[in-house]
Amino acid sequence: MSEFNNKVRMGMVGGGQGAFIGAVHRAAASIDGEIELVCGAFSSSHENCLATGKALHINPERCYATYAEMFEKEAALPEEQRMQFVSVVTPNHLHFPVAKAAIEAGFHVMSDKPATFTLDEAIALKEVLDKHDVLYGLTHTYTGYPLVREARDRIAAGELGEITKVVAEYSQGWLSEPPGPDNKQASWRLDPKRAGVSCCMGDIGVHAANLAEFMSGLEITKLCADLQPVVAGREIDDDGNVLLRFSNGAKGVLIASQISVGEENNLNIRIYGTKAGIEWHQQEPNTLIMKYNDKPAQLIRTGVGSFHPVAAGSMRTPAGHPEGYLEAFANLYMDFARQVRAFKDDEASAKLSSKAPGIDEAIRGMAFIENCVAATRADQKWVDFKLENVL
Amino acid sequence: MSEFNNKVRMGMVGGGQGAFIGAVHRAAASIDGEIELVCGAFSSSHENCLATGKALHINPERCYATYAEMFEKEAALPEEQRMQFVSVVTPNHLHFPVAKAAIEAGFHVMSDKPATFTLDEAIALKEVLDKHDVLYGLTHTYTGYPLVREARDRIAAGELGEITKVVAEYSQGWLSEPPGPDNKQASWRLDPKRAGVSCCMGDIGVHAANLAEFMSGLEITKLCADLQPVVAGREIDDDGNVLLRFSNGAKGVLIASQISVGEENNLNIRIYGTKAGIEWHQQEPNTLIMKYNDKPAQLIRTGVGSFHPVAAGSMRTPAGHPEGYLEAFANLYMDFARQVRAFKDDEASAKLSSKAPGIDEAIRGMAFIENCVAATRADQKWVDFKLENVL
Amino acid sequence: MSEFNNKVRMGMVGGGQGAFIGAVHRAAASIDGEIELVCGAFSSSHENCLATGKALHINPERCYATYAEMFEKEAALPEEQRMQFVSVVTPNHLHFPVAKAAIEAGFHVMSDKPATFTLDEAIALKEVLDKHDVLYGLTHTYTGYPLVREARDRIAAGELGEITKVVAEYSQGWLSEPPGPDNKQASWRLDPKRAGVSCCMGDIGVHAANLAEFMSGLEITKLCADLQPVVAGREIDDDGNVLLRFSNGAKGVLIASQISVGEENNLNIRIYGTKAGIEWHQQEPNTLIMKYNDKPAQLIRTGVGSFHPVAAGSMRTPAGHPEGYLEAFANLYMDFARQVRAFKDDEASAKLSSKAPGIDEAIRGMAFIENCVAATRADQKWVDFKLENVL
Amino acid sequence: MSEFNNKVRMGMVGGGQGAFIGAVHRAAASIDGEIELVCGAFSSSHENCLATGKALHINPERCYATYAEMFEKEAALPEEQRMQFVSVVTPNHLHFPVAKAAIEAGFHVMSDKPATFTLDEAIALKEVLDKHDVLYGLTHTYTGYPLVREARDRIAAGELGEITKVVAEYSQGWLSEPPGPDNKQASWRLDPKRAGVSCCMGDIGVHAANLAEFMSGLEITKLCADLQPVVAGREIDDDGNVLLRFSNGAKGVLIASQISVGEENNLNIRIYGTKAGIEWHQQEPNTLIMKYNDKPAQLIRTGVGSFHPVAAGSMRTPAGHPEGYLEAFANLYMDFARQVRAFKDDEASAKLSSKAPGIDEAIRGMAFIENCVAATRADQKWVDFKLENVL
């Protein structure tokens, strides 16, 4: 990078050839031209790592055999060349050790979701963070959509009145049949050794829970869960449905599934309050519906009318030019890049209107997964949502 | 009625001026020109009854002060004039005594839903029916929609494979605020003396459950319920969410609400099987969606392509000419009129391809309501679906 | 009919077994219980007429061999039995002579669309009406939809500002292939001897034009037309597209087609003004969209919020219970029945807030068809919309 | 750029701070990580140019005062540093001189649409290209959408049968009022000196025409046009509607508007053939509808089922993860980057399955605009589509 290139310098762990989510992170990081990928430990195979680095136009000397090597060698580089943050896109069970090592080496971390393999690890990660002065971000992607942010700010401003009910759903169909041996995406998700205690709830249900808390501004306090492997022979759930209570007493229903044949990536949420209801569908993310009992529903569309500042700053195109998943993802990276630039500058940090989800969301996410598993195992209907010692 | 008028002769109990559902029944009965309203005990106020009868062009001598009088006097008329069946559209708590009296007087009964006030009454009604040779029909309206019938027959034909999951919802918003004293529709529904043990689940949730069983061909066997009055000061539920198990082990989620602000009459259902998923929305009833993992979804529209015989016979207009709620209702009346005409003619009865829902659906419906209430009261997560001695 | 039956008494010409639109008229007339079919000349075959009458529960003595006989014999009946109006549902070329004979015999007329076979006939019909004191109604069905009426009243109230552009479309696909010999609906429409100078524009395009004028309150003043038989071997158009100018200078585009494969009955209209735009689709008639440049679009739904009185009076069911084509049709019959009841009662007539379309719409409709044909034949781009001597 | 950075090197003319489309081009070019912006003449103000360059992390020595200077100095750089192609995103009237200068300096050109200010210029540009061995691409953005490409290949494969009718629309509402003096986007578009002979048809209508030809594989051969400034005081059209004939005799309607209040960026197209119809809407670009007369419509969704190779290669995310406008744009840049890499390598070039639109589309686009203006001025209905000497 030249002296004039003042982009935020990113490294990556994981994301080698054949992986899926790494490419999404890279595209998201590059859309706005403010982040440059400068190094990586893309694969446990150094050959793959080098090939990936070459395809990504990266100096082979900065394509490292291991993440440990990367953190060590990057830390030794002059500050103006050195990676500033690392994007962690490994399989789930490595998120924690990689993030921990990065933090201890003094690097900011942007982690793919879930933050860790277990809740215990998430708590441990917070303890690591408490001891080191670095930033931690988590790509709960769907909170990057402009209209999700708008919904949150409208709800916070009281446009729905008191929240009474939340219905959140994340349904897919692609795991409805036993996956073939070559389906890399499916096989690790269904392997408790690599995926953890839950497949469906850990992989996607947690997004719906995160969205419910993010948009409503409420916290889940109790739950009654029914997780189950529907397809014979599986050890962990491929479908799960949960009844909820939120901190203000509001009721909730959360539906998650990976065996609902014909569903693509059907994440949707409806939040009802005493004054109005709000509805959003990820598959058509540029529309938000506000509904009333006594007057016509409003179709809020990106680019039409006025928006709260964070939502307004999350849109790149004029009305009617659709944005999608990569742009939502990019909003999280843009938030994080701004956090990195403002790091140790209290005034600048204070001005940031939006930050990427962080360690608190990470802990709540892992706790949600484990609480769902615990509640499923329970005979009693309701269990309290706990933030530690769940399983 | 002239000698040439061979329409099926209907009487009505309830449906006086100021009531809502009676007018819907009358419109539904008249669309196809095969049923004629000949008498009524429309109101406990004889003045209202006469005024209603006059507005309906009925002989005032056949506008009776009480249903008891109606059954007695109609029974005494010559057979060719006499009412053949009675449509029962009273408040819920009168459904049973009126139906019982009608049956005992030898009249067929078409009852508004719910069949009775309690499950015990529904069981008692079945016992009455067992002793008398008359027909009994129940207006579970939504099973009258052509595409609901088509979905049932496609599922029965195996197009979805083995059913794995059912998500049924019936959400409204109109009871989100304490209703004013002049809201007759709201006040009786929230009064346990007139509505029974449940408002939301009894009024609308039971339709979603009926639809789930009707379309899937499965029976609910276990449930975990969360019924609650959300609006302060109410004695019975205005919202309820239920986790389900069906007879083949399939999972289910049922969402019902009358406090989901901005929802009109949002009854919708999705059924997933091992081969395909199917989706239907009552508010746009002329479209049925078949979804697949590996090929494009199909938009099945009334009037386009081929249909199973019952669905085909339930459509009145060509493609693109929407039919709605009244026509669905009319299909149940048409079924029942044909049952009445074919009564005691075994050959004709055997040829009927479709019948109105009857006493078995009535019992399952009342049982569903009471099981939901019992499951809500329970501390354990799952309760078995029972057909007697529930509460 | 008994002495207590004060329904408006209707006769019918056409609509024998095997016909389509007659059954629609009968269902529409019967939904609200205010009209009774008492007689008919249902078919040129007296056998069919009698069989139709029997199926409709009509006295065979009032099932007439010819419409001439019907008008003569009904006129001779006592007033309280006599047919009050006749519904004309014959093939198009008979609309004029039947209506003329009815009017001259003193009967009110409700005619299926188009009013006549030619514009000359429509003008002649008006002359007949000028000489006789009877009512004339025309079933331009789509103006019966509640939200079409609401749109008209909102536009009249200035909610769109000055109208600038109208885009109206009526597309179907069912004539995309040469119809088989047994397709009765198709064969007469494509036969100039029975359908007149136009198939597509006369059968359906004229509905779109009517809707454009009805909703906008404007009149078409100029047009540039491109009618054509797309399928080889046809003598008259199966597709037609027209550029328009309206009385205030607004621009218009009208698209009509019967060869647009996959289109069912896609009648839709958008009207744009200086303040807002409005959009309505017949296939989902219970939604009206109001659109703005600077604020969210509104989804106006039947039963939600407040409506102008005519629209409010055109809805039968609460929010979320869809109404359709038959109910829209029924609204025209209800209007006409009220006109019949109020006939010669100036005070009552003055109170009617809505009337069925009449002879003026009939003339403009026939003129539209002939002007389209004339404009298609012209080499110059724009021709003036004329109300006589068009072809 | 380091020696390992093998990205295609792009320069930009236009796109300084305050401009809109330049940022879109830059985002589109960067998503896939294969193109790097290395230099620019971003503004006629050198100050703006430098500030833009700084914000884009570009060496200030490569932020040039004029495009002439840029072409000269870049040409003098070592080949491995030198800009390989230039993205032209200036106001319309500069597209031609900039592109011409670039070509003559030996640089490939990727031009924003329209290619030139007049048809004559487009023809002249082709002559320049004929003399120089460089690549020329044009960002007719909407052809970059995966499902537009899929539709084209399905039509080419005969899935629609013979094409009979095309209905293409591009409607917006944002110019419905006289724009304020600070609306930079509006003021140049309505100034004939900067926008050319047409505003609405030149700015957006031409996209609809391009899409119609691209998807159908047909060419427009005749047209009848009605372009007009609807808002008083404008010199050039803000609305235009056109009747069309295509090379195989198919009919067409093209609707374009910038005064249709409430329309965002409503580009949509329907193509009908003898076997099926196809429909696509830019505002929900991840769905393509195939419609039939005799069987259910199919909802083709990105990521579900199988696709032709070019469409398959144009998707970045799995099913249900929406892609949008920037990704469509990026597909054109990706095509062009591949063309640049394969330049002078006949074997590699032959393997490219997709290329960005080029000079032929440029000429047809400019010809379409001028033919529409000419046809509007004509009194006769139909004018032939000409490729030169139009106005």
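Things to note:
For reference, chains read A, B, C and D in written order, and residue numbers begin at 1 within each chain.
In this section, a residue touches a chain if its C-beta (ideal position, glycine included) is under 8 Å from a C-beta of that chain, and two chains touch if they have at least 3 such contacts.
The model shown is predicted, which means the values in this text are computed figures rather than measured ones.
The interface with the greater count of contacting C-beta pairs, when B-C is set against B-D, is B-C.
Farthest chain from chain C (centres taken as the mean of C-alpha atoms): A. With centres defined as mean CA coordinates, chain D is found 56 Å away from chain B.
Chain B and chain C have Cα centroids lying 35 Å from one another.
Residues of chain A found to touch two or more other chains are 174, 263, 290, 292-293, 297, 301, 304.
Chain D meets chain C in the complex at residues 160, 164-165, 167, 173-174, 176-177, 224, 226, 228, 230, 239, 241, 243, 251, 253, 255, 257, 259-263, 270, 272-277, 290-293, 297, 378-381. Taken together, the chain C residues at the contact with chain B in this complex read 1-2, 4-7, 20, 23-24, 26-27, 30-33, 37, 54, 56-60, 172, 174, 263-266, 282-286, 301, 303-304, 316-327. Residues 289-290, 292-301, 304-305 of chain D are the ones that touch chain B when the two sit in their complex.
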